[in-house]
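By written order: A, B, C and D. Residues from 1 in each chain.
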Amino acid sequence: MTIGEIQFRVRYSECDPMGVVHHATYPIWLEMGRTELLRATGTTYREMEVAGHFLVVAKLELRYRRPARYDDVLTLRTHVLEVGAVKILHEYEIRRGTEIILVATSTLGCVDREGRACPMPATLRDAIATTEGMAPGA
Amino acid sequence: MTIGEIQFRVRYSECDPMGVVHHATYPIWLEMGRTELLRATGTTYREMEVAGHFLVVAKLELRYRRPARYDDVLTLRTHVLEVGAVKILHEYEIRRGTEIILVATSTLGCVDREGRACPMPATLRDAIATTEGMAPGA
Amino acid sequence: MTIGEIQFRVRYSECDPMGVVHHATYPIWLEMGRTELLRATGTTYREMEVAGHFLVVAKLELRYRRPARYDDVLTLRTHVLEVGAVKILHEYEIRRGTEIILVATSTLGCVDREGRACPMPATLRDAIATTEGMAPGA
Amino acid sequence: MTIGEIQFRVRYSECDPMGVVHHATYPIWLEMGRTELLRATGTTYREMEVAGHFLVVAKLELRYRRPARYDDVLTLRTHVLEVGAVKILHEYEIRRGTEIILVATSTLGCVDREGRACPMPATLRDAIATTEGMAPGA
């Protein structure tokens, strides 16, 4: 399962005095996309944390194409580009109908309870690799 | 030390499409007021948590008097009304100059790492009681 | 239509270092409950704003019963208690299954573009009154 | 005035269940950095908006180096790299003492009330260019 889509409605509190979604809101939505994509692989991020594996954002690149507004229904497509030994690369696209609102990429690392880099759980790597025939990278 | 004041500037992201501070922003500021008031007693909330004491909000009442806007400089006055065995009552007032923006009260409880009610740390109760001659309540 | 329910999942960013939902998150959810309840009457808050009517929170009382956690699915029940000439009273309950997480009440006022108190739009008052046979109050 | 520094303390609500600052908090701080840098040029973003000029984020790149924690005092250095006819490039660095927490860059565009691209106000371009002898670019 390397691609997933979620739909959600823009909250009033997510918008700013320009009447549009504040740019700091988008990373929160991208995280929701990752949460739901992980659930679709048969595990959950909550279970990963209980098992002592934490995903931390190392890099985030956001390109804001068009403003979104309060009460808009948006679609977020989350795509796992590559899953390595200790890193995952995601690509994102947020649309309102056919209009592209935002595109983004992120790099996440896996850390243990003490915040030290650690290997991705095998179940996660396998689930991602198997479902779509994607070869786990380095 | 039962009364303290802090000043802060309204962030753009804290305002909504009406061009005013979103009402969910205020509890965040009240928490800052408690953090600084605690620091003034000679301890910090970070140290309390390390020692295994956590303060959780049980009740919050907010009365919004006037809108605040982006870039306003606001003053928050935080007042400990009563410190009991397991609870603290605070009263708050946010002003812009002499104009009252918000008044509020809160009840916080003390819990341990497992979330069970536990007695306030003695150092906290003493610091509050001593500084202002305020008798710790029940 | 004076009662409505929505379900939503707790976001990671809505939780704090105690591992529970931060108390300032709840007012955001209550606002979502009002948005959806209004939509169920046949109008939307977005349309109200376009028509020059804005609802502002005058008073908010929150009682936190139990902590909620990341990835919990919560149910919010929003209830219009009374709709007056210029004010609306709401009552809220957030549950996780049968467990009560939070109860709250709010008072909202209607204002125009300049922020002056103004009468509730008749369509809103009628929709609320008619659907449930509730007499609009003062 | 092309470089400025601000200091601020991490709020409890800005941290997540890992006990560190949530990654979506950083863009909010970068915006504070821009607000204060603009103030140092002799104008304010609030005045720019009143005059009908709005700055919107077109691109944002964040590299998270180390976690920050509740109650940390952080220093944000904001640097205008280039000011063009319709765009501004900024570079940022957030430190805790000498430790680098985050580095970032952003591209902002200037738009009018209707959201159409428009030239940067001359006063803004001049203030930036004059203060540091920086030649406004294209």
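Operating definition for what follows: a residue touches a chain if its C-beta (ideal position, glycine included) is under 8 Å from a C-beta of that chain, and two chains touch if they have at least 3 such contacts.
Please read all numbers here as calculations on a predicted model, not as lab measurements.
Of the chain pairs A-D and A-C, which one is connected by the greater count of C-beta contacts?
Of A-D and A-C, it is A-D that has more C-beta pairs in contact.
Report the chain whose mean Cα position is at the greatest distance from that of chain D.
C
Using Cα averages as centroids, what's the distance between chain A and chain D in whole Å?
Comparing mean C-alpha positions, chain D is 25 Å from chain A.
Express in whole angstrom the distance between the two chain centres, defined as the mean CA positions of chain C and chain D.
34
In angstrom, rounded to a whole number, how far apart do the mean CA points of chain A and chain C lie?
29
Give me the residue numbers in chain D that touch at least two other chains, ranges are fine.
12-13, 17-18, 24, 28, 31, 70
Graph shape for the chains shown, where an edge means the two chains touch. Line, ring, star, complete, or other?
Topology of the interface graph: complete, with all chain pairs in contact.
Once bound in the complex, which stretches of chain B touch chain D?
Result: residues 11-13, 28, 31-32, 35, 44-46, 69-71 of chain B touch chain D.
Under the touch definition given earlier, write down the residues of chain B that touch chain A in their complex.
Against chain A, chain B makes touches at 12-13, 15-19, 22, 24, 70.
Which of the residues in chain C come into contact with chain B in the complex?
17-18, 23-25, 27-28, 31, 49, 54, 56-64, 67, 115
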